[in-house]
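Two complexes follow with subunit A in common, the first pairing it with subunit B and the second with subunit C.
On to the complex of A and B.
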């Protein structure tokens, strides 16, 4: 489905440790050709997810978070041009044939989308949609699949699972739909669950429940989670490592504690400063990040963040900083973060 | 703007009730009560925050204030005058002073109009006699006031980013010089970096014009930042109203506490005990307290009798039989002088 320009060279960068990475993305590029222009949605993205690890991906809209998820799932539109490599469970994922992708997707690799109402099929009952996953991937009978779906619904905290099986998506509340989505993703006990803004359309109270559920399911199934959000606070409770994206690139990749203790990239610093906290001081004005992220077709010679960065120098505007390790092992793409 | 004596509030809502027909669906021929027995007042220049989960009736309340949905009972008094007694034309005159900014800015702007035309609409409606030159000048000034580049005037909504669209929507609302601006989740769909810009813009505009604001949001941190007083809604009713410091520092209603506890934070690792999983319908129940299904403090009286909104302290009201009076653990009263 993706016409891929493949290069199997694996960069050694972007991998803080090389133990049992279940997902390994190296130098990934995603480009679209729209109206004669080249639009790069992902540039030189490298990251590893270890088995059982929870990695958070944070960035504002247009930073390429969802593109990355879709690329990993093999669900990008047909006109996307991909370069680089994605390895999942020791398999070259970009060059895998479509049938292979379809077999693994849903079984070892599952995704939870932001809007569960549009991700669920409106005219099928929950029982049928969930059962289908097992019937297709495991080849079990419908009776067995239904029983497994019932058990899963009670595991994800649906109060009346038997009733829920016979309901349609529109009859459920937003929080219940997201629980169903998560349960459906977990039916085949995947090794990696990609959750793309799983709580963005939910209330704070329901959001807290869904985040708790993800944490519990991760323990129960020993799976890795790639948790995507525009909100640092959402990933803070769950992720061990956080990757910050800006304009299609990874700008910082650090252990969660290090990142929150001392963000090193100016963009990460701005993100942390801008989000008002309940316990924080009351200021006359909220701190802001001036300017806009570069538009999709724009290509800058230097650092993409330079136009909005308080520390930007002429050097930053001319030369793009590479994503390189600092003394504590984290990766940062910034000239100012590194002593000259 | 100083037409009314200080003791008459700008807006006074008394026992407002809004119902919808739930007929036709699986809930056969029943009335759904979206807002019930709701009373509050808003003074000129004040900012009132309104929080609550989706389905709690926040947006319905906002629409009922502007008579965009009909109310079943109660009164909405604007400078002492009941809006529900007004005819259509008189109501339109009043809307000039009461403007609204919606969550989805792009959807609230006409895609076939340029930004200049969009900003001209309120002038065309409310001040049709204003000369063309004057109109252009005022549009230009507004574009500048909301922090957009001058060239925006000739562009179309789809050419702008989400934050810029929201600036246009705010500009349009400000064109008629409102005395009350209702912001219904106006920053909720924006990125954090842009969210702060819009909140600051709203605060600047308020400081310049002296208008009052009703700021509806599920983002408690933003509400805390903007509002002097906060209303908490649950199941169509007010469950707590208090000054900002009291509400965030010493909340009384178990729902308010649960709501504050549920907010994710970068700093602290939250305790994982939160609201019960129960998916009780958030609609108002016929008897008893609507929150009792999910409340950790529920007792038999909560089922038997509906708690009324009562004064607990000066400017702190709560509708709960068993308010959580003991000190609130989190130190949320941190305040620094601007």
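On to the complex of A and C.
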């Protein structure tokens, strides 16, 4: 199944398969054993991110987006059991020794977190928090690191970077903090930046600025981005490919254009219906998706989305649909999307 | 900062005055007097003694006289140690108790924080279990059991250290009392540090530090330690004041000339001036430590703003 996914993913871009995937996740499982129960937070997750590509991951809370990010970073809690494979820069990442992870994390592979206030150390000045990345990975002196941090701060659009270096996180605005987080991630020019809900804690106007910044930095640094959001609109502007997750599984993986033109998985369709439309009636009630996703401890025999799906049949409830390619190359895990 | 410090010191004056006042009337309200236990004394002698020490005056007159003395740094005569003033007693004993307490607390802080961090990083493993066992033992074993046991082993069997006694300038006499004194706060600090370290290591900014690829050592020392120390520092104010004013049990068993016995004995003997003197020393130390703790907390976390 893993090789099928990979081929299919490649073909969606219409490029020969020699385009190297910088990140390749295959059949990833993450389980926790807590209070005697097996809790699966990720099930059979496979995806590729090519060099320089921006991939969006969308799904509601609890769909496993953040678990996926942390698994890629090697930051899952110690009691997580991982199965499958994660390859980063052609290196088996899942079984890599701790020293190797430390060498790559923060250098080739960086991450921006959701809430920059709690993700920055409250008692250290920005200059120290940024500088230590370079001191640690590049072995440069603090003076050099500080100068590089200063340059980076102005690149990410901080108005008074010299002052910012000597400030503490709580003295900055939310938008500035997220700019600092992004700048901190870019200091070593990573090949892949994982941004987990980078705009969720920000005002709407600041959200747009931060997304613009991510787009600009992606061009400047020619890096791949894995952009995670519960909000389709956030990933729409940036991502070339979008992966929709539900209950720890990938349910649809398609080129952004294809996905927005014609979502094929009923869950994707429901997500798009729930998004407000520009120019739509102002006071119209937004449709909502009734029901709850299955809890992480629950194990359904059939499709996890079936209980909330308008098209679900008895067949759906009995047999889980595999993630398989459609005629346009996208991957969908739904019986209804594929005429039998 | 300096302004804050001075303001806090000034604010300590009314606090101390209130403490002195309440303590004064409380101890005088307790039935009995300093000379009641000397049953051999005739009524006439007792009456003469009362007159000599001003105890036949109304309480508020005694109070104003005591305050007037305090203003001149005079803690008054001791009722029990009749050749000494309270000031002399405290001046002689305080350095011994404070030295002992300061060494014990420094040890407790260093070892307690170290053990707490190690336990937090080895959670649910052998080292952690050993640390928890030590913490329980440290809190559970009373000093009147621990010190004699140490005396027996190191003093009587091994003959490494003196069992009791005191010689100025000879640290050998300090070793066993210091170990006994430092164990309870050490155990408590280890437990506090472990708990707050575990919490901090799960925080968002520590996760960021891991995501930056920093080595564990840097993460613990630079990112996690300072916030993890906040509850420990808060605990230090009462603990230091307590330890530095001496321990009745330890000083009694080890035969040390500290001030640990004065508070309890003074209260039992209705040695009014001695009790009040001890209360003042203890309160002043507590207030000073509280101020130092607040300043330290400000240094640990830049979000703490010191407002005078």
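Quick notes on this structure:
The rule is simple: the second predicted complex is superposed on the first by the 316 of 340 C-alpha atoms of A that agree within 3 Å, B and C clash if a C-alpha of one lies under 4 Å from a C-alpha of the other, contacts with A are read in each partner's own complex, and residues count from 1 in each chain.
The criterion applied here is as follows: a residue touches a chain if its C-beta (ideal position, glycine included) is under 8 Å from a C-beta of that chain, and two chains touch if they have at least 3 such contacts.
Remember, predicted model here, so these are calculated numbers, not experimental data.
Of the two partner chains, subunit C is the only one that A:168 touches; subunit B does not reach it. When the two structures are aligned on the shared chain, A:89 is found in touch with neither subunit B nor subunit C.
By the touch criterion defined above, A:147 reaches neither subunit B nor subunit C. Taking subunit A as the reference, the larger set of touched residues comes from B, when subunit B and subunit C are compared. Once chain A of one complex is fitted onto chain A of the other, the partner contacts of A:107 are limited to subunit C, with no touch recorded for subunit B.
Counting contacts by the rule stated earlier, no residue of subunit A appears in both its interface with subunit B and its interface with subunit C. Residue ranges of subunit A in contact with subunit B, taken from their complex: 60-61, 157, 159, 173-176, 203-209, 211-212, 215, 230-234, 236-237, 260, 270-272, 274-290, 292.
By the touch criterion stated above, subunit B contacts subunit A in their complex at residues 53-54, 161-163, 191-197, 199-200, 203, 218, 220-222, 224-225, 248, 258-270, 272, 274-275, 277-279, 330-332, 334-336, 338.
Residues of subunit C touching subunit A in their complex: 203-205, 207-215, 218, 222-223, 226-227, 300-303. For subunit A in complex with subunit C, the touching residues are 73, 75, 101-107, 110-111, 113, 115, 118-124, 128, 132-133, 136-137, 168, 170, 181, 184.
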